[in-house]
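Below, each structure is written out as structure tokens.
Look for subunit A in each of the two complexes below; its partner is subunit B in the first and subunit C in the second.
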Partner chain A sequence: MDIFGQLLVNALMLGAIYALAAVAYTLVYGVIQLVNFAFGELFMLGAFICVSLMLPSVALFGWQAPMPALPFLVALPLAVVIVAGLGVVVERLAYRPLRNAPRLAPLIAAIAVSVLLQSVAQSIWGPEELRFPRFALGQLPPIVLFDTIYIRVMEIFVLVAAIASMIGLTLFVQYTRMGRAMRATAEDPTAARLVGIPVNRVIAMAFLIGSAFAALAGVLYAQTYSFAHPTMGFLPGLKALTAAVLGGIGSIPGAALGGMLLAFVETFAAGYLPNGAAWRDAVGFAILILVLAFRPQGILGRKELNEAPAGSLVGEQVAPRGLFAPVDRFFGWLGQGNTVLNIALACIAVALAFIITNDYWLRILVFVVTYGMLASGLNIVVGFTGLLDLGFVAFFAVGAYFTSILFVLVLRGRFGIDPADIWWLFYANLFLGGALAALIGALIGTPTLRLRGDYLAIMTLGFHEIIRIVATNWIDLTRGPMGIRGIPTPSLFGMPLMSPKYLYLLGLALSILVVFGIARLVRSYVGRAWVAIRENEVAAEAMGVPTARYKLLSYATGGFIGGLVGVFFAHSQQYISPLSFSLFENILILMLIVMGGLGTFIGPFLGALFWIVFLQVAQGMPLIQAHPELRYAALGLVLVLLMIYRPQGLAARARVSLMMSK
Partner chain B sequence: MSTPLLEVGGLAVRYGVINAVEDVSLSVAPGSIVSLIGSNGAGKTTSLRAISGLLAPAAGSIRFDGRDLAGVAAETRVAMGLAQVPEGRRVFPRMTVLENLQLGAYLRPGDASVPEDLEAITTLFPILEQRRKQLAGTLSGGEQQMLAIGRALMSRPRLLLMDEPTMGLAPQMVELILERILEIRRLGTTILLVEQNAVEAIRLSDMVTVLRLGRVVHTSPGSEIGDDLLRDLYLGHDV
Partner chain C sequence: MNGIRTSLAVVAATLVCMQPAAAQDSHSIGFTAALSGDFAAFGVNMRRGVELAMEEIAASGGPSFNLVIADDRGEAREGVLIAQRFCSDSSVAAVLGYSFSSIALAAVPIYDQCGLPVVGSAVTSPDLSGASPWFRRNILTDAVQGAMMGEYAATELGLSTVYVIHQQDDYGIGVANAFSAAATAAGMEVIDTATYLLGARDFRTQMTRARAARPDAIFIGGFYSEASKIAEQARDLGISAQILGTDGSLNPELITLGGPAVEGMIVYGMFDPSVATPPPANIIHANRARVGGYPHAVSARGYDAMMVTAEAIRMAEEGGDFTRAALNDAFGAIDAFPGVTGPTTFDAQGDRDGALYFLRVEDGTFTLAD
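Right, the complex of A and B next:
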């Protein structure tokens, strides 16, 4: 009984916090159909600002700054107001210029803002966690129920604050003039403008309220778990989004229901399942996938929101004009599919292995080809087929773990076989790992077939998290967070390809195969079907393209490449751990393709080259040396600017279009 | 003749590289009904959307009541007295009839004459009174059209832009809507009407402007347009 009672209280706390943050997602999604990933970071900023205001002094950028040491009940509303204002500023600078951009642009901008805010917060408050200060309200003696359940006064406060703000918001949306205007904008923004509703102001209002709810949730979360940390918003943000989707995005009661449901499932799974604490997140995401598979609109949601808006995910082809004109001409020329040109490019890439004699830079080139190949795989799914996939790294992980477990744990560990005797298995594994990942891709793809647009992204994200949690927690299989060491380097007829030069050449050979394979596929009827799905799925279906089959094929092909690269990565690094397969990796890869150019062959490599060379150059800068996280802030900033001025990416002119000229 | 309430001169609207509307000029005198007619793709709706501010013109001027509308936001135009009944009605489907009408008066918060106007609209369209608590999405097409007109009237416009108000309606309903358009004009609202149903539009209007392939090909009082001219205009002979 006592554990049940305590779990009940914990679930209610967590549910209240999830529900508040879910409201932020649901409100903004309801009004402009944008998943504002940055709410996770506004959640975190709410916590940091509140904690800072409550302290007598706090270290900002490493300097001790005096702070007002306000009581909790003053600091809380102040932090909420500051973050609400920040949310409006973010909307104004990063999202409003994208109102008419291709559908992917606002989502990428949201992810970029999220990366940017997290990095900046880490620069300001440092990577250490900040303890939540003691305050009078938190020190009151707990109330005891049935002699076994201890309820702290703050727990009652959390619950009351959550319920009061939800009721307040519901009344506001239902009965006030602004609330009505919000509902009208959500239903039909054009008609709303025609009755005189200032739609931009309504959207700003949705961000204001949403950010305030995220901040409130963040403060309550930090208070409950007694700390603030730059990455604290990440997982709760995902959970809140999950809760919003579970309940039916766009619905405020749905957010409350979804938040509570998720919190109860997680808390009770953690309490009653064996080793439940490790698996609680996986259980939450599994529920998300089940609900989306059987009821894509969520429990209380409306069906229409799952309909992808008409129009291409990646936007129209650009006309060479203005600042980008020389870039466009160059990539237009490069992307024309000229065989001589392609061979020349490959020769230049091979020649690099002999021109560059510095091992350090060759190692960097190995990274470039690894990331370039990986991004090429994701590009099939996102760039050619137009399916937004945030779980691609899972395939990479599958390939890497498959070969590592086979070589290190099974063959050497169990049977004592020396990897040098079976050097050829690496080459076989490239395909076996790819095939395994392709199979998983098709399996994962099946329940997502009914989903479109953002829902698809959220579901793939859930899959990714489950695979990551399995890699971390199934210690017998994967050695958990310690990772797997001593993976043999690739070798050829017993000659180990240990040096970076050979690894680069091997990676390059694989890249050429991968790009060649993708190009053959894309320029066949398969690719035409993919591009048709990307440009307009409904029209493609109406024209007789079996979209389900081609979407699965797209996942499987992307998965195959992901798995293959995973095998190469494991053997070239000789060490893997779950850290290599975080969601951030996935976001990074997506950003690389977006930067390089979605739906192009060269884009993924271009993006990888830019990013990895930037990382190296940045290491020499004093500012970056003091604050390494600012590199990610720079990436976020560049992407937001790119989305505003050039959403198609650098190599847009090289994009494969629906019309085949030759 | 008095100064026009709306004066459009040399209007051009482009979608990317496509010229949807080129050099369109028309004027609407206060108290009149002016029709913009033409076949599919002639640029009628595009012209109307430029006037209401949903589209930015590439060239030309739009003057309402003597004021240049360049750079004026759509919602500000509503406040100035320019309301549009959009194509396809576009009522707010999950809000009640009453809420839809109240949203029409969005720019008149605290205006004491709002209930009065509500009553005037329910006199014009009594069915809306019966359905006031019903969700707008559950109304029939004709009822939704009435609601869309009523919603636009709630802003007390001086000029009402109507985009295909009879589209997809039963003949009886078409008749009723057209009759109400005359009634709205009688109550003092000037009307610019876009219609595919040219015969009816001409019968109703004081002035008719004909568009073809994005250009004005004819402007005259409705009574001067005979069947021959109409046939030529639609079938595309040069006029």
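Right, the complex of A and C next:
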């Protein structure tokens, strides 16, 4: 009982901040159905700008710049206004050109903007944390209740600020002209435009208000934990998004409720479970999964929001035109299943192993085929079946841990078996690891069957986080963060395939098998059922496609490939740790298939090639040598441009055509 | 922050060095660490130490080296590619850096394969001891350090109960286990152990629990950014227990970030800016001239790693044909080479012995605790 009161206060505090940031996501989502990942970074910028304004001088780009040293109550609104303006600029430059693009393009653009802003912030403010300045209001002695509850005065301020801005926003949306226009646009953008509502202005307004809320949340968070840092927005941003989904994305009271609920669950789980703090994030996601399993639209969400979003996930086919025309024509042939071309491509890929003598470039190719295969697995779920999955790395982790635990901890550790004697087990494990991941895929898939679109994305992300946290915390099973080392390299009849050349050839052989398998499956009735679900789930159901069964099959197939790649990855690296299965990897793999082209066979590999080669070539450039953090800024910029000029992906023409043309 | 200016100067210098005429007899030194993302501060400071050492060597008439920078961003995938990149670049004589044990462990098989010596300066996992004949580090392992602190807390400080909180990674688990074992052996009671995931900022729940347990001391097995917040949130909740930290907290930033909350906190480490023997004076002056303030402990180790590497290269070149294998042997032959963190000798496991200092935060600076 002696900790209950304090936990209550802690939870209220955290809940207020989650709720404010959740409003940002919910408002923009409500209007244009976009999960704007960049809110996490606007949250961070709000904190940095406020801190900078409050200091007498601050180091920007390494130079001491004089600053106005404003009091907190002046710096706060100023920072909020600046970030709100920035949010509108981001919308104008990065999202508005994508208004009619396929649905995933703006999502990828949002992630790219987020990567870009984070890198730029490190260039400006540096990699160290910036301390939140001490100011009069924050220095008052805490109020002590019942001897055990300590409340700082600023905590009361945070709570009041949160409640006041929520009420203000609700009134605005209910009673002003702009608020009504916003609700009308949320209801039906086309009809809103027809009745004369300036939709673009309404959307800009949603971004303005959303960014202001993110910035406010950022400042309050920075004040509460007394720091600002370039990467501070990622985790709270994710929590806010979770809170928004929990409460029903699109609903303002839902965001408030979701934020509070999440904060209470996390805080009390951390307070009362044994070693709860290490598990708090997992418990938060478990609650999310439970709620969504029983109430797919979130607690206060309207049911319609869980319907399949309008517009195909992959968008209309592109006609070869302009700069991309020759490329498009080439991929067009490839997409039609031109056997000669496919065999020629495979031969070139094999020949590369013998032409390239530099181990570094061969190692790059090992990663290209590894991530290409992984992305191919996700492509089944997202690109062919149209299910937005942000938790795919979980399967990858399952495969990698399965084989590593078996080889290193059990067979060698427990029974003292020399891995060289059982080299063949690696090949068996490719299938066993795949099968295990497929089973888990089907299990995880079951509670998601009722979910659509972005709800599904968040739920799968929750599954991934739970698996990652288990891998980190269950030290007896996985050795936790220490990782497992000494995983034997793949070998063939006693010949170790350890050099990058052999690893590449092995990976390539697996890739050819994987692509061939996917191609056979996709061109069969299974693929047609998947594509039918992707294009219109309701219509597919009405036409007699057992959608539940095919969705589970899609998860299981994708999971099988994820598990198989995990086994290959573990043995080619000889060491695995939870670091290789981070949350960002999920986003990365999704980016690879969108960049390369959803629903194509070559796209995942093309995306992986582009991504990995870009990062490696950039590493050597003189500018990047001086400012390593700008490498990801450049990548973010290239991604935004790619999405604007080529939202269907590089190899869009290679998309497998299983539909009758109009 | 100020690293940008430093690095501009160094890159300008590097570009000059890369002119073909000079390239003949100058070696490249690979440097890799997380230089962007969550934990960039460690890598950036380590890099600064390496650069200060290079400048000092050049200024005193020694050879000039090219520094090849690679940012691993804290991602294992990048770490493997970077290792292979250095391996394939025949001008790279040795590799310095590494912020994360997991990334070093993922890279070790590749260095093994191509035979390239590595000196890590911030990786402490016991798994790295003897992991490869090519891998060495000039930082003590968690086990040694945590144990010394446990004994110190029980016998010297006379504390009888402790609440342990550590980050859930190889570093935090390593120091916390060693600390708890040694403290218990010396008669202290470990009331409870709590963990947090790296990057956590909200420790009030753990501190609320800690307060209810009324310990004499709180031991934080983690880095300075989290430790400063734990200390601050503990003080906000009215906890007055003695706070103990590790070498992960021995950093001037701990005091900048923690302010009055870290006053009186005791940490340990191998580098002590308050001890004015001649070698530390060098780096302190150089660092102050360049960026102001005391150098970070991780900068000091980066500095020493570069100094030792230069010495090993000199020894290998004296011995005739310079090869990576000859350089690796030279590293093994390094005997008590003086540095700012004390003398460096690598044992057969690639680890290093060293003296630990216990330091207390007093009036906003680290001072020797007695």
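The rule is simple: the second predicted complex is superposed on the first by the 653 of 662 C-alpha atoms of A that agree within 3 Å, B and C clash if a C-alpha of one lies under 4 Å from a C-alpha of the other, contacts with A are read in each partner's own complex, and residues count from 1 in each chain.
One rule holds for everything that comes next: a contact is a pair of C-beta atoms (placed from the backbone, for glycine too) under 8 Å apart; a residue touches a chain by one contact, two chains touch by 3 or more.
Computed from a predicted model, the values in this text were never measured in an experiment.
J.: Once both complexes are superposed via subunit A, do subunit B and subunit C end up clashing or fitting?
T.: Taken together on subunit A, subunit C would fit alongside subunit B, as the superposition shows.
J.: For A:E187, is the partner it touches subunit B (first), subunit C (second), both, or none of the two (neither)?
T.: In the superposition, A:E187 touches subunit B alone.
J.: A:M495 in the overlay: touching subunit B, subunit C, both, or neither? Say first, second, both or neither.
T.: So A:M495 meets neither subunit B nor subunit C here.
J.: Taking CA centres after the superposition, what's the angle at subunit A between the directions to subunit B and subunit C, given in steps of 10 degrees?
T.: It is 150 degrees after superposition, to the nearest 10.
J.: Between subunit B (first) and subunit C (second), which, if any, makes contact with A:D281: first, second, both or neither?
T.: The second partner, subunit C, only.
J.: Could you tell me if A:A542 is touching subunit B, subunit C, both of them or neither one (first, second, both, neither)?
T.: The answer is neither, since A:A542 touches no partner chain.
J.: Decide which partner touches more residues of subunit A, taking subunit B and subunit C as the two options.
T.: C
J.: Rounded to whole Å, what minimum CA distance do you find between subunit B and subunit C in the overlaid structures?
T.: Nearest C-alpha atoms of the two chains are 40 Å apart.
J.: Which residues of subunit A touch subunit C in their complex?
T.: Spelled out, the residues of subunit A in touch with subunit C are 2-3, 6-7, 10, 14, 59, 61-63, 119, 122-123, 125-129, 131, 134, 142, 144, 148, 150, 152, 225-227, 229-232, 235, 267, 270-271, 275-278, 280-281, 358-361, 363-364, 367, 469, 472-473, 475, 480-483, 485, 498-500, 573-575, 577, 579-580, 582, 584, 612, 615-616, 619, 622, 624-629, 631-632.
J.: In the complex, go through subunit A and note every residue touching subunit B.
T.: Those residues of subunit A that touch subunit B are 177, 180-181, 183-184, 187-188, 190-199, 316.
J.: Any idea which subunit C residues touch subunit A in the complex?
T.: 1-5, 7-8, 10-11, 14-15, 35-38, 40-41, 43-44, 68-71, 73-78, 80-82, 84-85, 87-89, 100-103, 105-106, 108-110, 113-114, 125, 127, 131, 168-170, 173, 193-197, 199-206, 208-209, 211-212, 225, 229, 232, 236-238, 253, 256-257, 259
J.: Using the touch definition up top, name the residues of subunit B that touch subunit A in the complex.
T.: It comes out as residues 16, 52-54, 73-75, 78-79, 83-84, 86, 90-95, 99, 102-104, 106-107, 109, 151-152, 154-155.
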